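Structures follow.
Across the two complexes that follow, chain A remains constant while its partner is chain B and subsequently chain C.
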Partner chain A sequence: MDKVMSDKRVIALYVLPALLLIVILVYIPIIMTGYYSLMKWDGIGERTFIALDNYRQLLKDNMFWKSVYHSFLLAVFSVFSLGGYLVVSLILAGKVKGANILRKIYLIPMLLSSVAIAQLWLRIYHPSNGMLNQLLSFLGVEDTPNWLADPSIVLYSVFIPIIWQYAGFYILIYYAALKNIPSSIIEAAIIDGANPWQLAYKIKLPLIAGVIKVTVVLAVVGSLKYFDLIYVMTGGGPDGASEVIASYMYQKAFRSFNFGYGSAIAFSLLILCIAATWLIRKLTHTEEEVQY
Partner chain B sequence: MKRTIIYAKKAGMFLFYMVLFAVAGLQILPLIWLLFFSLKNNHEVFNTPLFSLPSPPRWENYVKVWVEGDIGRYFFNSLWITTVSVVFTVLLASFVTFAITRMNWKLKHVVLGLFMVGLMIPIHSTLIPLFNFFMKVKLIDHPMSIVLTNIGFNLPITIMILLGFYNALPRELEESAIMDGCSVHRMFFQVILPMTSPVIVTTTIINMIYNWNEFVFVNTFINSDEYKTLTVGIQNFIGQYTTDWGAIGATLMISVLPVLILFFFLSNKIMEGITAGAIKG
Partner chain C sequence: MIKKAHTIVWMVIFMLVLAGCSEKTTEKGSTEKGDEKITLTFMHLWPAGSSKQHNMIVNEIIKEFEEQNPNVKVKQEILENEQYKNKLKVLGASNELPDIGMTWAAGFLEPYAKGGLFAPLDDLLDGGLRNNFVSGTTEPYALDGKTYALPLELNITPIYYNKGIFEKYNLEAPKTYEEFKRVVQVLVDNGVAPIALGNKDRWTGSMWYMYLADRIGGADTLKNAINGSGTFEDPSLVQAAEEIQQLVKMKAFIKGFNGLSNDEAKAEFTNEKAAMYLMGTWDLPQFTTNEDVPKEFREKVGFFKFPTVEGGKGNIDSWVGGPGVGLFVSENSKHKEEAKQFVKFFVEKWGERSVTRAGVIPATKVNTENVDLPQMYIDVLNELANASNITLFADVQMNPEAAQTHLNLIQSLFGESITPEQFAKQHQEVLSSTR
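Take a look at the complex of A and B:
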């Protein structure tokens, strides 16, 4: 048995295809991005080695820092919205009938492509014929905001479809985690006199802390690298008011043909994601996961 | 005293239900609006009440979009690219997961780690080199570039989901199969793979959704209409028809309908898959 299961040729056969793909398509490109970031390059012509010049420029680039700021804002919003999802999940995981159907309904937007969502919400936000402003006028609001053209609110306008898209996903995860808590614990707590608030705050939440941690990482990193929806809805505009790191990178690389600079942005994004993951894990580290 | 407690409890429950239904309503409302305006013409969209039923339902919007807008071609591209990508992703991931969980070799943890770290990598940080690479091997504007990146980038999550299942599988069957002189390959294909069919269904669904909705790679690597998928096709198409709301609505409906139909039939499996991805990780 052991000999059969140690056959090197078989192992190679089974592992190499996937391994090769991921090395060639993911790992080597990451290294190349770092390499290109040290170059001046328009994507077609010659590459000139300029060492850290791109990064020096990046440090002085206001638009870059603006996009970083926007990405961070997005991350902060996302984490706060997790709180809302937790509340809904707590309610849902209680003695609620029809929890299954509700969960399915919540999940539906998650199945749509970011492009479809972006296009749909472009219509919803349409200044005169959009669903939102029509509803608002119907309710008597006179000066309906121009959701996507107003630089001061466009980032927030873009944020709403993102919540709409991901709410179901996080609610689903929290619900599953809550349902995994053995009912014996809940019952014991109720017998000991815990009221619903105590039950939720002191018992349920600590028991799903691990899952909450995972969702925080997902939400933060997801926000930092967010691209699709913003690119389609506003292209980063108006005037960079909704630009995020990934969209700025895309613009610099594929529109301005500054591949070297774009690579520097892309590499910074990578470092940022890794750093954020590490930081969050470090900050929320508990000596031992609560065992039951 | 007791009565007030009971009333308070009922009021609380009522409030909870209101919240839950409100959220559900908000999730669905935009889609209902979409369905409605996809079946109206511009005049009706601009002049009739927001949620009035389309009457008559203008199915010609859908026909126009499919024929004139060539959505049919984009649909077909999405379909075959998704199918090929999913088949290979699940297959290759199964191979690797089997090797990692069942076979004896020293580097297995390193390789596993390599795949798991892959989960953290933002795809945008690989776009530029990949673009350059595909240009060199002449795969730019070729659907293979999309299939390859689909597979490469979905391997980590697929392997992660498969891992939990493979670890929980009992080993007696394989052991007896080997004792009986079965080769590893036969054992994999005839014993293991069938036993993993539940998780294969899950990962297939997850991959289908991801690949169907894939945008960035297609947008970057594909230029000609011939190979565009639905996601990018919608973009261009809507760019052309910005003022025809009915057509836009029909396009969007066509692009989301397949996944919605899939969901209608397989919702439980889909929900299972999504939670598996996040919790077991």
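Take a look at the complex of A and C:
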């Protein structure tokens, strides 16, 4: 065993397939996107090199900045909602009756495909016979809101299903992390007279800080590149009121047939995501690693 | 043990490489000696599931063609609409278009035609096919005097209305815009939503605007504004935008229309919650023959032409509409001649069958005398025969970039987030900058 595995060529051979896949499916397309973003190209005909013109135009494009703002807003919302998930997980991981069933219920939205979730919420938000507005008019609201048509609220209307969609995922991660904390530590704290609040705040949270950091990165990057629910539910409309970076990229590349410009948006998105990841790592950097 | 696994991995890799190679060689072999046996690839967007009737006719026509040309086989590749558009784009970029495929007119076709990917089909038209088409239907597929595709469908857009609701409130199909507004007012006063509109899809609202522009400014004003010989800041085009916002203020459109898709809006009409619905004749089957729609409802549906505006230059027989998909032949096809023959054959046979069997109005002339059709079809076909003008959908007329801006502006106009003057000005800007 050792003889075979210590052979450098063999290691290379076994790593090769995965490496090839990643290079072909991830790194080469990234480079291609960067290359296309320097072109004026409708996706079919001639490509003409225009250097940084697409980026110059991008900096002046109000709609792009609006979509960047919306994406960051979603990121902020997602990070705040992490706090809520954490509370739920803390309760679930404590000794609550039916925690098992509750955990499964929270996980259900994650098992549905985004399109199914979108269809579900489209029904809920339907202006005249949707669940939400029927409830509101039953409660006596005269002029029920047009959840997906009113530019001032449409963005928040699509955020809610997105946050709902990922609740199960983060709750599961936190739950697993909390369950991983050795019971001896918890018991020692209880013997020392820690109340549940202290237990959570002083013992459990610091111990899963590493996991929390990872989820913050996941939530921020996931929000920045978010696409599916928004595309199905509003298509970025009405008139860009719910446009995010990825949906704007899709619109430019595949609807306006402006592949060069779409690629420039995609590349900017990549840079934004990398920058955001780096920044979060930097801000939450701590020296000591938790060891049980 | 590990040694053994190791050899197996090697063998698998070796076999994969070998398999990859051998497949290619056989493929090459068959095309080289394929002079007697020809395979044409045909890509279309009518899957057996969602377009059963269309699909059946396609299969019939292919079978007949293969019987008449025993050396030719036609291989189909079928995709749903959106996927079809994306795949065609990818294939176009890599220069691997199918021999025969479907395209849309004007703005969609332009990059392909300009890139030399579609073959001109004028020889087919000159070879006698021209007389088969309803006049004006092949022009949207032409660029610089060459026709790059032959249309299969022709649609106009009447306003469908629910006769039951109209009767209940003693209303009649309006002939003038004043009457139309009165109808809207009566319906609003009685708590019935007058018009079903799904403006999330945006082209739906565009048709309302186009009609008002046509009725106020005449058939050419909008056309000229788009092609650059006129201007979008023409008073009649601004006035049309004002009228749209007037209708919105009257609550003429269903609640939340800017967030509803066309299908959701159609559901409001078919559930008899809205009285009127402006839509293409591609929906005719749903209002006549489709058994999935309740019969009582189908019997209540009628249609009227978009009313004339007092003092406007428009003619009531002018329609918004246009041909739908058309067939193209790839310029790089190895069997261009055969492919062209197939297109000719297909267009002819399709014209004979599509109305009666699939409820599709073909772009070729239909003889209404000896076919058995629902009355509404006959009426529509007669209207087509009397049409003074058919204005192609605005978003199809424009290049893709301008079309997207137009559609977004439509949404803003209906949502009252811009003024009619801004609406016209921004149109003019994008149209002149992308020309």
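As a convention for this text, the second predicted complex is superposed on the first by the 276 of 292 C-alpha atoms of A that agree within 3 Å, B and C clash if a C-alpha of one lies under 4 Å from a C-alpha of the other, contacts with A are read in each partner's own complex, and residues count from 1 in each chain.
One rule holds for everything that comes next: contacts are C-beta pairs under 8 Å (C-beta built on N, C-alpha and C of every residue); 3 or more make two chains touch, one makes a residue touch a chain.
None of these values were measured; they are calculated from a predicted model.
Partners chain B and chain C clash in the overlay (superposition on chain A). Once chain A of one complex is fitted onto chain A of the other, the partner contacts of A:Gly43 extend to both chain B and chain C. Legend: residue contacts after superposition of the two complexes on their common chain; A:Val10 is shown touching both chain B and chain C.
Of the two partner chains, chain C is the only one that A:Pro151 touches; chain B does not reach it.
Looking at the superposition, the partner that touches the larger set of chain A residues, chain B or chain C, turns out to be B. When the two complexes are overlaid on their common chain A, residue A:Phe254 makes contact with chain B and with chain C alike.
Once the two complexes are overlaid on the shared chain, A:Leu283 sits clear of chain B and of chain C alike. Of the two partner chains, neither chain B nor chain C is touched by A:Ile191. When the two complexes are overlaid on their common chain A, residue A:Ala51 makes contact with neither chain B nor chain C. Annotation: chain B segment clashing with chain C after superposition, chosen from 58-66, 112-120 or 184-192, is 184-192.
Under the contact criterion defined above, the residues of chain A that touch both chain B in one complex and chain C in the other are 1, 4, 10, 13-14, 43, 254. Of all residues in chain A, those touching chain C in their complex are 1, 4, 10, 13-14, 42-46, 122, 125-128, 146-151, 154, 234-235, 237-240, 251, 254-258. Contacts from chain C toward chain A in the complex involve residues 2-3, 6, 9, 86, 89, 92-93, 111-112, 114-115, 117, 193, 199-200, 202, 254-260, 264, 268, 273, 400-401, 403-404, 408-409, 411-412, 415, 417. Residue ranges of chain A in contact with chain B, taken from their complex: 1-2, 4-8, 10-11, 13-15, 17-19, 21-30, 32-33, 36, 43, 88, 91-92, 94, 96, 102-116, 119-121, 123-124, 129, 131, 134-135, 138, 164, 167-169, 172-173, 176-177, 196, 211, 214-215, 218, 221, 224-225, 227-228, 232, 246, 249-250, 253-254, 259, 262-263, 266-267, 269-270, 273-274, 277. Those residues of chain B whose C-beta lies close enough to touch chain A in the complex are 12, 16-17, 19-20, 23-24, 26-31, 33-34, 37, 45-46, 50, 92-93, 95-96, 98-100, 102-105, 111, 114-115, 118, 120-133, 148-149, 151-153, 155-156, 159, 175, 178-179, 183-185, 188, 209, 212-216, 220, 230-232, 234-235, 238, 245, 248-249, 252, 255-256, 259-260, 263, 267, 270-271, 274-275, 278-279, 281.
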